[in-house]
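Think of it as A, B, C and D in the order they're written, each chain with its own count starting at 1.
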Amino acid sequence: MILKIKSEASDKEISDVKSWLDTNYFPYQILTRYGYSLIAIQKKFSAELADTISRLPAVEDMIDINKEYRLASLSWKKERTTFSVNGNLIGGNAINIVAGPCSVESEEQIFKVAQFLNSVGVKFIRGGAYKPRTSPYSFQGLGKEGLKLIRKAADAFGLSVVTEVIDTSLIDEIAPYADIIQVGSRNMQNFYFLKQLGKVDKPILLKRGMYARIDEWLMAAEYLLTEGQEKIIMCERGVRTFDTTVRNTMDIAAIPLVKELSHLPVWADPSHGTGIRSLVTPLSLASIAAGADGLVLEIHPNPEEALSDGMQSLYLEQFKELLVKANPVAAAVGRVLENAAKSQNENFSNNHKTIEECVE
Amino acid sequence: MILKIKSEASDKEISDVKSWLDTNYFPYQILTRYGYSLIAIQKKFSAELADTISRLPAVEDMIDINKEYRLASLSWKKERTTFSVNGNLIGGNAINIVAGPCSVESEEQIFKVAQFLNSVGVKFIRGGAYKPRTSPYSFQGLGKEGLKLIRKAADAFGLSVVTEVIDTSLIDEIAPYADIIQVGSRNMQNFYFLKQLGKVDKPILLKRGMYARIDEWLMAAEYLLTEGQEKIIMCERGVRTFDTTVRNTMDIAAIPLVKELSHLPVWADPSHGTGIRSLVTPLSLASIAAGADGLVLEIHPNPEEALSDGMQSLYLEQFKELLVKANPVAAAVGRVLENAAKSQNENFSNNHKTIEECVE
Amino acid sequence: MILKIKSEASDKEISDVKSWLDTNYFPYQILTRYGYSLIAIQKKFSAELADTISRLPAVEDMIDINKEYRLASLSWKKERTTFSVNGNLIGGNAINIVAGPCSVESEEQIFKVAQFLNSVGVKFIRGGAYKPRTSPYSFQGLGKEGLKLIRKAADAFGLSVVTEVIDTSLIDEIAPYADIIQVGSRNMQNFYFLKQLGKVDKPILLKRGMYARIDEWLMAAEYLLTEGQEKIIMCERGVRTFDTTVRNTMDIAAIPLVKELSHLPVWADPSHGTGIRSLVTPLSLASIAAGADGLVLEIHPNPEEALSDGMQSLYLEQFKELLVKANPVAAAVGRVLENAAKSQNENFSNNHKTIEECVE
Amino acid sequence: MILKIKSEASDKEISDVKSWLDTNYFPYQILTRYGYSLIAIQKKFSAELADTISRLPAVEDMIDINKEYRLASLSWKKERTTFSVNGNLIGGNAINIVAGPCSVESEEQIFKVAQFLNSVGVKFIRGGAYKPRTSPYSFQGLGKEGLKLIRKAADAFGLSVVTEVIDTSLIDEIAPYADIIQVGSRNMQNFYFLKQLGKVDKPILLKRGMYARIDEWLMAAEYLLTEGQEKIIMCERGVRTFDTTVRNTMDIAAIPLVKELSHLPVWADPSHGTGIRSLVTPLSLASIAAGADGLVLEIHPNPEEALSDGMQSLYLEQFKELLVKANPVAAAVGRVLENAAKSQNENFSNNHKTIEECVE
């Protein structure tokens, strides 16, 4: 249940609502978001109590939203969400590009990647320090050491860091090193974890659960939103189906669909979405054509020797070619790649005025 | 089992192989395709018999292909398959466009669509006369009357007809009216039906089963190929997954994947692939970006009153806009839309003015 | 749309309804089933026409059943459907047992199986003559020769034959040899085929499509029912999911669910449902515990040398043990196995000694 | 990689292996389990290093187990795992029964359930205090207050408590109140969480992820096992498929399959497995017939007013009937229900001797 509070309600009137809820043992949460004053209540009222509360002076409307998201929906917030990360606009006209290895493996590896990204104008580096792995015998990441290395490499080359937090107990350790915190597919419905992340002052990259319906994915965003987090990026990364020819089935339709339902930006991760190197480029182009606001890609200086996800990691050279191919597709749908936008701007280009304005 | 026959084998030597198979009760099939002479055998040899037959002079190689396709694979035929339908090249650089209603409903409806398609330079009209419907109480199509109407409309406006055959017993009735015969999702593994279609002298549009793995889909093509059919178009139309938010989950990765595995052209059907009108355009663009050789789209002059598939049918005006948006995406991946290509070639055509203006 | 006709409507009044439909170009179908007189119409009425027709004297009710089954539902027919095949009751308290090889391979094989089944009191033999196979290079069955063999073996040992028809064009050839005609998983939504089978005077074993929802499966039965077929057996045989550890995921809940929704008997096929020999017995017991009215099982005198489905076929000895284990489970849910039931009834039978000893 | 250490290796030789790994920067973990001494290493050796280490005197064997579970497999531990919880044997011949509400809602509710369970001889009560809910607006559980209530009720009626931990940060709070800690479907692949649970001295009920393959589920158990946890119960609770007629598709075949692959006991949860009250009893019987070692069931004194999962909760009376029906099915497969076993024994039992006798 959500109670919408009248904008003109007095403090006394609001206070009366709270007292009433306390007296009747209804746990609640106050939300002020997007210009609304709301009280979210986790239990249902009996018909009788519903009648009583709806007559309290402060209450404008009483909404049963047990099965729906509201804060995440485009109907409650009409303007698309954009925000800036170290001066890079997320959700704007320029398509953000994030690239990097599955795991931080060594100083040499991550510096090589960072230098390369800088050289092609990419602004975001990704890399895991604590890795979710199906087997306890697989490489689990370098941990704290990995965090320090990716931060150092990013700082050296002016990049922002995207890295995953896999557990509530690691939030405090990882957050200081990250510019964007990634929630992985397997954590998308760890609701307690989402609540804690909702309170962290870092943007969240919310990957879709490999088994999650669209509404469940948006409901996970709603968990973040109810706790105060507004900087959320949805990221399609493939779902699990009967066809195991590829690692996952990338649900490209989810990109325009979520943009139709929600104001949040939507990125695409064709590396996990396919799991096969040769499919990453065509699916990156498809994602852009379908309206993706960003791409997250696994690259590695030496994929055959990668400690994880080698099969789906692009060679650095392949990634460069991908950018070359992606650029005209972005243009075909009225967008520009972030790295191209930047590098063209650097020279005082006047070609992309609009986009220049957007990305700042 | 497949026996590869030496190119220099004499008639007598080949004849010896056949006699041996007859004598030992092994049913077989002679195939000459793509420069190979093959004998396909449906039963396995014992080790002993395998040894005997592999020593026969005509036999170059003995291949156990129980679980694999060969004729459909790019490793057995290196050049991509292309063919012409009424002068329109399939599988070439120009992306074919097929559009039309789910069902032929009336002379007025189908003529309106045909005239419109002609006006925008599209060369293929689709429309079902015998419709597969989940419920026996739903509209099942106009039958023979529908076939006559779509043929008449197509002829009046210089279009080629794509229509579905839903049963072996209807092949002879429908084939004369069709330029391309569609095999629907629910028939993709009707193997007996495929065998009969393999003998028909009309190209086949082979839609992917909603539950079919990539290898099963290619194996269905193999059924057609073993019977002599070489003009085959694969068509991705969405698969069924746990997420029922949309009608199907369109597997965009299947497009580049099948092109990597096979020499056959691959089309995309975003209408059935999504089942939702607003997603058809973004998924059309994504299909093109991912390498699709053609698009199959449902359009209707009056979708709200369509007897079937109204929710996913585009308005004629929307379809026109789709073409406008699709053209630069095609260009971005080095292709051109068939309707635009034509209009560029046919300098004096006055039919296509509107779209010509649009696509530029 | 379905029009319910008043039971007291005069011929003239009914005739008026037909004339009205003819005049207004609405194709229709007359159904008299389960005590109802119905007219099924495949197109929707406009509001205006609906109003007109609902006032015709013969019309009792007008039902929009576009998305629902009616004849197959328990709400339209309250008594459970039972019928007899060669004196064996289907859908009764005794659980029917069907067993046999995937394919008829030779006279020796099928006679061996028939003799064995007779020795354990089983009344139904299964075996395919025309086999659906994923690959054109796999054994496709013996065809007509296979039909003759299974009929001959069945007759020799007093068994009834269950065999599959895979195509409309084969119905006339196969029906005379079969006591029950099987519709395979891949044909469950071949609607044209279902309509033809609806007119055949043989009971139908309708396997669930590997991708079919419960309502689609019942709608397939509705196709048979609207054409006059009333002897229908639903058969759960596993669905396709993300987990490919086993060949299919057997949906045991479908058994009680279909019995809750429909009056039709429900059988289970744990051989295809699992695809793994060691799981066939536990899933047979589970099916019985969940309420299955029959079991369909693949057995083979020599599974390692089977031309198809060897991995899931039980050895004859294993099948015997399965019956021994199944009997107390059947008793636990108030049922009895058909083979055990028979031997109890037929006091003077001396055929079933062995199994009688086993099952006690 | 796993190194098997020779049983006769000296401390010095083992120490040499560790030094070598430290020197070469290979993180490792020492395991002594089921009579094996093992060193698990998360990175792969180059061929050269592999050669070197395999020659160290302490090393008996070097096993690449990147994709496989070992400690969870029946091939590494031949005897089935059994253990006792407050005197109740888990994994023995008696089928354990756990029942209770989805959430602890009030003292009155949980005491009513506890008293009832005691009256029918059930030994385990379930109930969530911290609930995973798809929506942030749904009831999230009573938290700590709920834990105290279920413990108090359980103690009052001699029951053991099964309750879920949904986050690492809650382990310390919840563990003292639980006799068995449940890991929910959405947490089955939270690997960091599993590692922490592996160190907790309470048995773990490991529910299968709704999207998890059998090998992934067993690999999750392997995570617990590598950290020292040996008291693990696998629990099938339905997977997510294309068929949304029911909440989940219960994979009954997983029960015998996991028992074939692993030594761990396997329970079944037909409440979540189906999500529909009327299917809970038939699926409970099916689970028992298929070999389940326990049942977990949702019951509620007043399901219509339940704050969560009302639709799938059994009325207390229904649960009683379920036990009555389950008993002969258990007997049919040579088992007995725990509560029946108890009630027969109550007279002599002081410390549950009888149940131990039953399992023989």
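One rule holds for everything that comes next: contacts are C-beta pairs under 8 Å (C-beta built on N, C-alpha and C of every residue); 3 or more make two chains touch, one makes a residue touch a chain.
Note that the coordinates shown come from a computational prediction; the quantities given were computed from them, not determined experimentally.
Trainee: State the chain with the largest centre-to-centre distance from chain A, centres being mean CA positions.
Mentor: If we average the C-alpha coordinates per chain, C ends up farthest from chain A.
Trainee: Between chain pairs B-D and A-D, which one is joined by a greater number of C-beta pairs in contact?
Mentor: A-D
Trainee: What whole-number Å value describes the gap between the mean CA coordinates of chain A and chain B?
Mentor: Using C-alpha averages as centres, the distance is 38 Å.
Trainee: Taking each chain's centre as the mean position of its Cα atoms, how many Å separate chain B from chain D?
Mentor: So the centre of chain B lies 49 Å away from the centre of chain D.
Trainee: List the centre-to-centre spacing of chain A and chain D in whole Å, with centres computed as mean CA coordinates.
Mentor: 33
Trainee: Of all the residues in chain C, which ones touch at least 2 other chains?
Mentor: Counting only residues that touch two or more other chains, chain C contributes 211, 240-242, 244.
Trainee: Contact residues on chain A for chain D in the complex?
Mentor: It is residues 1-2, 27, 40-44, 65-69, 130, 132-140, 166-170, 186-187, 189-193, 195-196, 209-211, 216, 219, 222-223, 226, 240, 307 of chain A that touch chain D.
Trainee: Please output the residues of chain D touching chain C within their complex, sorted ascending.
Mentor: Against chain C, chain D makes touches at 211-215, 239, 241-246, 249-253, 255-257, 260, 273-274, 276, 278-279, 282-283, 285-291, 325, 328-329, 331-333.
Trainee: In the complex formed with chain A, which residues of chain C make contact?
Mentor: 240-242, 244
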